[in-house]
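In what follows, chain A forms one complex with chain B and a second complex with chain C.
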Partner chain A sequence: MSIIIISSDSRNVEEEMAKRVADAKGFDIVDCRVLEDVAKDCNVDPGILEKALENTPSILKKMPQARWRYYLSCIEAEVLERLRRDNVVCWGVAAHLYVIGVSHAMKVRLISGSARRAASIAELQGTSMNIARKWVDDEEKRRKKWSLSAYGIDETSPSIYDLVINLDQIDPDEAVGTIIEAVGYRKFRPVTYSVKCLSDLAIAARVRAELLRSMKDIRVQARDGTVIVFVKGSGREKVKKSRAIKEIAGKIDGVSFVEVHVKRNITDAEGMESPDRSRYPGWPVIGKTSHDVDKAAN
Partner chain B sequence: MSEKKLRIMVIDDENIVGKRLKPALEKSGYLVETFEDGETALARYDEEPFDIVVTDIRMEKVDGIEVLEKILAKSDRTKVIIITGYATVEVAREALSKGAFDFIAKPFKPDDLRTIIKRAANELRQ
Partner chain C sequence: MAIITISRGSFSMGRLVAEKVAERLGYDIISREILLEASRHFNIPEIKLEKAIHDAPGILERYRHTKQAYIAYIRSALVERVVNDNVVYHGLAGHLLLKGIGHVLKVRINADFEKRVAYVMNRDGLSEDEARARLVEDDNQRRKWTYELYGHDPWDSAMYDLTIRIDRLSIEEAVGFICKAAQSSGFTASERSKQNLKDLALACHVKAELVADFPNIGVTCEYGNVIVYCKAGDRGGAKLGRRLDELKRKLAGIYSVEMHSGVPAPPDAV
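Coming up: the complex of A and B.
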């Protein structure tokens, strides 16, 4: 009863290893196929969602930042809901960046040396090693920028993973064996606390996705059905916004109480980062704002 | 013949926790003793073992992780449930690695704990 989240610097590697681990464990797979369902909910083409998972708004001129953030929040909400079923291997939907604080979710990063990746790219695209090397470097920079903009986390940093395997040194068969052995450790068993954390994350993500349909700059915390929403706003719009948020969030399954904080800046000292963090210790937070994106991009 | 009542030990330095849990668990048919520090609880365990131990983590002198280790060293049959107001992934994983049966963040509803205890009781009776 665990969750294995696999990510890699190569999509093919992620897919192959996720399938092998899922087969060996008899687990279900959660991957980019969820985008079909998310696309129906958002009323967009699944290709747009794929692009949102790949690119930051600055590159995608046709996708404004508010839409980009909305699409990501919809993907996040759907994936978190599916992860609640347990016994799942997840890849390709950036779950390693938003499944935070769930002790029974084991995050695995599979890396291969840039020389090997460049050689494989050169062969695949029929280009020189120099061009392939540059492509690999650019790709790494792009992923780093994307993960920082979307979730404020550098996905190329090994410290965010529970297990990092270098496929230049460890054969795929050995890597599958290592992952299966590691997920068998007691520490990755679900406990009441971790199951609740995942459930709270899923509710917070669902609330945020619903709110981002019509608003922007939203952060959400959830615990045991109580939801706290932080939103940017000032003056007269405070009451109106608060009322609208309570109405939308209150209709979502699992939400029993909604508290709204409309602030001029939801990431400064007056916002959630200091007083509310201490008021609600350990509450999972869902949502990056435009302010965070600007910070990450700089 | 009725089943022997399971014995539960609740350890928390905030005495309100023991005061609230004792009647709630006794109502479910368990024998409950409460303690406000790990040292006294461990001494009592030496006199007479308990089936289930519910312990807070942050306590002076002997903390909950130490209680967990010492109790499991005495009897691996005992189910130790960790409760804490300072839950993190790291602490949860440490407790599980050291053999905790379950881990729950405070505040929790008595029903949440009752569900865990029921599961522990079922395993003990198997």
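Coming up: the complex of A and C.
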């Protein structure tokens, strides 16, 4: 009864290892196939959602920031909902970046090594090692930039994973064995509190996704059905926004009370993040604002 | 039959894990003794060696090359000590000092920063700000040291075989992971990797003997055949040649010594 989230510097490794772990444990897989369902809900092409998971917002690529955040929030909401079923191996949908504070979700990073990846790319594409190496380096930089822009977290940092396994010398079979053994440990078993944390995260993500359809710069916290929404606004629009948010959020399953905080500026140092974290300690926060993107890029 | 290096940030319980791994596998455990051995062998005060492996090089040291010399002594003592396998080393920079040897399992232990702060506050009776400042300073020194001397970030998990976040596991569970990995086929000492280690030990020994007078040399060794790389037109060339002849007579295991002047040292040279 656990969740295993697998991330890797190589998509092929991520997919292969996730399948092997899922087969060995008899777990379901949550992967980019969820994008088809998300696409139906958002009424967009699944390819656009794939692009949102790969690229940072860009006007040239016809992906404005508000839409990008909306698409990501929809993916996040769907993935979190599926993770609530437990006994799941998840890969390819950036879950390692937004499943935070859920103790029964074990996060594993598998490193295939840039040299090995460059060699396989050089062989597959028939290019020189120098070109392949540059491609791998650029790819790593791009992924790092994406994770920082989308969630303010560097996905290459080992601090966000429970276990990082380098496949240079450790055989994939042994890595699978290690992951399976680890997930059986007491600390990765679901307990009432961790299951509740995941439910709260899922509700917060669902509310945010619904709100981002028509608004931007939204952050949501949820606990036991109570939802607190932070949004940017001032003057006359305060009352209007607050009413609209309460109406939209109130309709979502599992939401019993909605509190809205409309602030003139949620991006300054005195803004929402630190004071609100201290006001509601332990409440999961869902959502990054445009300010976070700028901060990460700098 | 492996060598295990355990790297960790300060107050990350790495020592405890190392002790338990060594106990479970019946391996020797080494850490600070390496500094003592290097100090005794090369007649350098231990405090200087400790400073060399802890603090990042200052501006003057970059020109004097003292730090590189001290690290060459420490590396030589360490490689000499692990050459017979079945060792757990939990001192500083083991993953870098033993780089290139196939049967070395490189482990990194990370702990949550806030938990480390709490541990330091509790252990040393410091305020939260003091504990935080101390850990930040310590981590920065580590990062700077590794960058200056090896061009790597110690937090880069690509440098390790296994990176474990200790605060989500019990000590026993972390020990279990490491022991299992150490006993896997990838870390079994082959004849080739044992020979590589012997060659590394010899190259490190030669470098340590010469580094005080010739700080910019690079040394490689293959099956006892030692090659020393130095700059072209080096005025000390004749002196270096004489020293190499002396070393050939003095050190066991050297079959031949060659001096390559003006040839860039290969990346695996020590």
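As a working rule, the second predicted complex is superposed on the first by the 290 of 298 C-alpha atoms of A that agree within 3 Å, B and C clash if a C-alpha of one lies under 4 Å from a C-alpha of the other, contacts with A are read in each partner's own complex, and residues count from 1 in each chain.
Basically, a residue touches a chain if its C-beta (ideal position, glycine included) is under 8 Å from a C-beta of that chain, and two chains touch if they have at least 3 such contacts.
Please read all numbers here as calculations on a predicted model, not as lab measurements.
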I'd like to know which partner A:Ser214 touches here: chain B for first, chain C for second, both or neither. neither
Per residue count on chain A, the busier partner among chain B and chain C is C
(Q) Contact-wise, after the overlay, does A:Gly101 reach chain B, chain C, both or neither (first, second, both, neither)? (A) first
Once chain A of both complexes is superposed, is A:Ser234 in touch with chain B (first), chain C (second), both, or neither? neither
Would you sort A:Ser128 into first (chain B), second (chain C), both or neither based on which partner it touches? neither
_Quick check for you: in the superposed arrangement, does A:Asn12 touch first (chain B), second (chain C), both or neither?_
neither
Review point. Touching A:Lys187, do we find chain B (first), chain C (second), both, or neither?
Key: both
Regarding the shared-chain residue A:Lys196, is it in contact with chain B (first), chain C (second), both, or neither?
first
Overlap of chain B and chain C contacts on chain A, residues 103, 185-188
Per the touch rule above, chain C residues touching chain A in the complex are 102, 108, 110, 112, 155-158, 160-165, 168-170, 173, 176-177, 180-181, 184-187
In the complex, the residues of chain A that touch chain C are 103, 109, 111, 113-114, 156-159, 161-166, 168-171, 174, 177-178, 181-182, 185-188
Listed in rising order, the residues of chain A that touch chain B in the complex are 101-103, 185-189, 191-194, 196, 281-282
In the complex, the residues of chain B that touch chain A are 85-89, 92-94, 96-97, 99-100, 102-105, 112, 115-116
